[in-house]
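Each of the next two complexes has chain A plus one more chain, namely chain B in the first and chain C in the second.
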Partner chain A sequence: MTELGSDTLPSVGQWQQILSAPPVWRVKVQAASWTSAALALRDQGGRLLGLWGEAGHENAFFYIHALGLGSTGYLWITLTVQSSEGQFPSLADIFPAASRMERALYDLTGIRATGNTDTRPWLRHQCWPAGIFPLREGQLDGRSFGVDGDADYPFQLIDSVDVHQIPVGPVHAGTIEPGHFRFSCIGEQILRLEERLGYTHKGVERLFQDRDVFAGARLAGRISGDTTAGYAWAYSMAVESIARCEIPPRAAALRAVCLERERMANHLGDLAALGNDAGFVFCQSQFLFIKENLLRENREIFGHRYLMDCIIPGGVAFDLNSAQIATMQRNSESWQRTVQRLDLLLQEHSGLRDRLVGTGKIAPARAAALGMAGLAGRASGQAWDLRVQFPHAPYQNLDVSMQLSPEGDVAARWQLRFREFYESVRLQTQLLLDLPGGDVSATIPESIPDGEALGIVEAWRGEVFVALSVENARIKRCHPHDPSWVLWPVLEEAVLNDIVADFPLINKSFNLSYSGHDL
Partner chain B sequence: MYRILKEIWRLGIPGKKIISAKGQGPFRRSAAIRHVDAGSCNACELEIQALSGPHYGLEQVGLNLTASPRHADLLMVTGPVSRHMATALQDTFSAMPNPKKVVAIGDCACTGGIFAGSYAVVGAVEKVLPVAGQCPGCPPTPEAIRQTLVQVARQTRS
Partner chain C sequence: MTSLIIWRDQCFQILFAVAAAPLLAGWLKTVRALLQNRRPAGILQPYRDLFRLFHKEAMIPEQSSWLFRFTPYVMFGAKVMAVAIVPIIANGLPLASAADVIALVGLLAVARIFQVLAAMDTGTDFGNYGAHREMLISALAEPALLAALFTASLLARSTSLVQIVHLSQIQLFSLHPSMVFAAIAFGFVLLVENARIPVDNPATHLELTMIHEAMVLEYSGRHLALLEWAAQLKLFLYMTIGFALFLPWGIAANPLLTSLVIAAGLVLVKLFFAVVVLALVETLLAKRRLFRVPEFAITGFLFGVIGLLSHFMLGS
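Right after this comes the complex of A and B.
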């Protein structure tokens, strides 16, 4: 790989394409080119997908990785930082979403981003002493942490007698994941919202280390339970790239069936929960009813209600027979008819429209500046859908239709879920009609060669990627990345013109992952 | 009769008799449940949400999910008790009035599951709170969760 010392942008010839399903360009840079590469990416209309760190041998040096997405494909930029330097230039001014990733990177590896004025801990709470960096070698040996709560996190508060604060969480009123929200309000109007996450931090990245790639697949499927198919596929894609293994076409098609069914199930669940948050229980019952039928069919046909462990490195762990395919086709058609009926009915419901339209709005220009993507991004006019722009097998042949809306409010995210549900039903129908014959998995050798690769898929919430590096048939470093990293800061802005009572609705319309973010 | 047949046709449950929480335990006719996610991957939450759907009729068996620990009889815990949630979990339990019981839902809450041994998790819920019932599974089905809750609610001794 090329090392670049000059402060000019590396020319195309110096980028190296790594073996991976999507077109990933990889380059190692030095500090001066780090910032200019990020600037060039932004100026071309690209986005930052993720930023993560890796400790080198005996903590003598560190790799700082950034993954960007431009019009020509993925750019994986790696900066080497010596431990004597201990810092790297921040990208937070170029990509706002980088700020929290840099804070998390410091908490885990101890390398500070210079230029990022926010130096508060992000994933680290008080039970875990400052100066301990779990992803460094040998830092955890013989050490055990306490369970102290996060009592004195310095929130950025508005100092005025007219402003009151509402602390919410980490234990919420509903059945949702833990996180803390600090509202500063004047009357009912939200003046500022600040999130405090990290409550579900489970040390997943550390747990990956030293596992073999097969044990890693099970863990990858449990990073965020609602996106298990997405993570398992992204992870498996990375493993297959390293093993130089091509999966059979039938396996690829069946994976896509899993991914689309996961999208359908989650969209139905979100429509139910949004209805409930708007005080419309009819809506909740109707959508939960269809979702439950889908989950039961999953259990009967795929063996798991949420499709956990269905996608494995090399292929899939199940197969479909013609009777099962016929059942799936018949049922999805009937669900589609029911959802269409509800769609028409709810579009006319003035009480519901009153809550949804204009609430939690992010205009397209702002969405672009914040680097939004995924379902929430498409609802704010950001045309990113990997199944359309960088399709991998089997999506090249499916002609996926990207669903877009320029409105950017809760109603747009609500409506987009209907449209993506219909599209997923269409894709599933198509996939099952053209299901290729043959094996459902290829063999991954136990002695997998050393290497690093990237797996990336468009899961229901947005693009999920897994960056994997393998050494001596063991996982050396695995970084799973959720689209929630980019979208959580957007939520802080989306609530600004609304009242506190609208927050649950706006939050639900994004439905971001805590577990996938806190890792 | 027509309604029963229609229910079976709609829900696919062939006339299974649902055991209710109504018993001689401390909660008598009903138990209110507070749920705390102590670092779960959110699959257990999806199943708990499914419990409130029309297929399961949680309230029919005398159980309901409550928004405040002050109103709760049962504490339903999911996840491998991440260190960052341990204090909040204990605070939630202390805020509940007596008599009260804790139910561990899912493999992670029962044993630490796939996350056991990580620097950031405590492990099974019983390391932090006294557990009266466990429901293993990754995630456990809504039916299994409902059954465990009913059993614990009917226990006579805490």
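Right after this comes the complex of A and C.
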């Protein structure tokens, strides 16, 4: 246990540092200190990343977990709730993002957040009967459910004869994930947008339970296909923390190569998609061309286009030889040149600029109040980047430069993707240049000790974290958390000054995960 | 000229237009694909699409009225009627005297009214949005089209397309400044009316941004085939009206079959180049914000008005 920096931790109990880089602090609190811990965190400019629940032995008690981020690092606060109480104080008034997480927490564990006026189901749809709480013990044995969506979900509508509703989704015309968007409009002007998610709920958290930690790694890599390196790394970090295993420096460097390549691929794909949504197909085909080349190189060198199963507990499942490194360096340099040319070209395309600038704006003050982070947060001036503020191996030696913009519009999120792409290319170049020798993985014992841990990395959308608890070498509880949880509600606000026809562009500029959110 | 021969020419022109319209669409898609580094599906793809759609079941939305079912036939019929009127490969055809430029614009307006009503008939939000966007934009494009046509009419001192084409054929190389402005105005109208980029994106899958596509979302099978064919005919029609007004060289002056075939070949050559220009425009521009589209249409109208004014100020 380290005492470093603990003076700025909210004084709500006995803090314990459970991970050194990135620093994760853990405390178990009573109901009385739960809200004051959140208030203290907010007052020091911190934010809430995630909120999740866990059923104790024979559903006799429940743990309510919250992960916040403050100046000292990540704060993991756990509240114990007896099943006779069945409720805990809501944090929705302190952190707006908590509201949906509390609704999801109720759907999964049946513990209600008191004070949250929104008691509608969130992940639960019609096919899943009320009163079934999948994360409680013995609730699902032998039961099977249908696939019915919601027929009568009570949307919060504006009650006026002049306002009409546009229901969009969950089935869309393109090959995108399912989600429902309910617009209340007057003419083209959007008065309110309400999202309805949960269509891709597949019971991932339940699927983790009773697997061994290696099978869990495969599952973690499949939570959200576009963030497979992010999830696999966060999960592996948690496993290694429980097993007290130090990964070799070469493995850490190779993991970062995977993470940065994932960032590059997704940023290129988003730039292409934004061009397409602006009706500018030239832009789409140019970026997709580079992205496809990158994915093919992934398949050739890493064995998988999206890098699935490359990161495993203990290290990585591949190694690079000097010929492969030379190829990667050569190609990334040529992609960088092409992207730079496109960047300059597109900055002068008046038609495209007109679509992007000023659209879907979230000002920095609102972004801070909404707890934004990740790429979308940095585009609204929120200076959070785990790789910069709390660098873990191998990022301590790389001097990552944080890309920020105060504008908060689609153009800012567009431009930031360029800048982060350049930075990722630089990081990959540096990592491959100084690649340490040695093993690419350490051994994780089959008989892993019991314990709880948290792994967290800055994936391309923002911080992805995985909270893991292991008992008898089996996963007892695993909660993967996507930054989309915090960002989905922001999208509802970002469209308010724009018209219906601009929604697809704004939505794409965020490009949030459905699968990572619905679990 | 016996009446039998001119009716043969008339039939030839209609069949030529109806048969060549999908080819035009296929060529446009091919050029666009090549400009975007994509492998084209082939210039004949629109024919295959039409064939496929004609063999599919046509679904009718519940609670829709006769309007929904009639509209594809009205749309297609109106476009066939229009290509009969415009001098495409021969001038002075029998049906050409049935309508002047004002009636032609009216004929297109009838088709539009049916399409908009049918889109609203389904009661879906996307149909309604497409319909009201279409009306917003076309209310501004129609005067621009009329201004361009009137500029040509002022020169010919007649609103008859036959007279306009006849005049420009006898004064082959005379240059009229007013016609340059009219041509620019017509170019704007062509982009707006045919739902091309930067006004609308014919290839988009985003329901919320669509204009023309939103109005036909509920159609399927033979109804959709007719609507697509009608849209292809509309593009063919606008391009050939443009040729008749501004590039009338090669339109057959006598009813001999050989001159008809030569005229048809020349039309295809003109279309070949016109499509390349259109594809370039569509590739270089991004789609505009919806509320900037009226500005675009008004710019077209402005050019049309300048054309009219310059006719009076500079003389013919």
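Everything that follows uses one rule, which is that the second predicted complex is superposed on the first by the 503 of 519 C-alpha atoms of A that agree within 3 Å, B and C clash if a C-alpha of one lies under 4 Å from a C-alpha of the other, contacts with A are read in each partner's own complex, and residues count from 1 in each chain.
The rule we apply is simple: contacts are C-beta pairs under 8 Å (C-beta built on N, C-alpha and C of every residue); 3 or more make two chains touch, one makes a residue touch a chain.
Computed from a predicted structure; not experimentally measured.
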{"item": "First, second, both or neither for A:41, with chain B first and chain C second", "value": "neither"}
{"item": "Touched partner set for A:468, first chain B, second chain C, both or neither", "value": "neither"}
{"item": "First, second, both or neither for A:178, with chain B first and chain C second", "value": "first"}
{"item": "Chain B versus chain C as contact partner of A:148, first or second or both or neither", "value": "first"}
{"item": "Contacts of A:367 with chain B and chain C, given as first, second, both or neither", "value": "neither"}
{"item": "Partner chain in contact with A:320 - chain B first, chain C second, else both or neither", "value": "neither"}
{"item": "Partner chain(s) touched by A:291 [first = chain B, second = chain C, both, neither]", "value": "first"}
{"item": "First, second, both or neither for A:200, with chain B first and chain C second", "value": "first"}
{"item": "Dominant toucher of chain A (residue count), chain B or chain C", "value": "B"}
{"item": "Residues of chain A contacting chain B in one complex and chain C in the other", "value": "173-174, 284-285, 289"}
{"item": "Chain B - residues contacting chain A, complex", "value": "12, 35-50, 52-55, 65, 67-69, 79-80, 82-88, 91-92, 114-115, 117-122, 128, 138-139, 141"}
{"item": "Footprint of chain C on chain A - complex, ascending", "value": "164-168, 172-174, 187-188, 275, 277-286, 289, 349, 351-352, 354-355, 499-504"}
{"item": "Of chain A, residues touching chain B in the complex", "value": "125, 127-128, 134, 140, 143-150, 170-171, 173-178, 198-204, 206-207, 218-219, 222-226, 228, 269, 272-273, 284-285, 288-289, 291-292, 295-296, 299, 305-306, 308, 513-515, 518"}
{"item": "List of chain C residues in touch with chain A within their complex", "value": "32, 35-38, 125-126, 129, 132-133, 197-198, 201, 203-209, 283-292"}
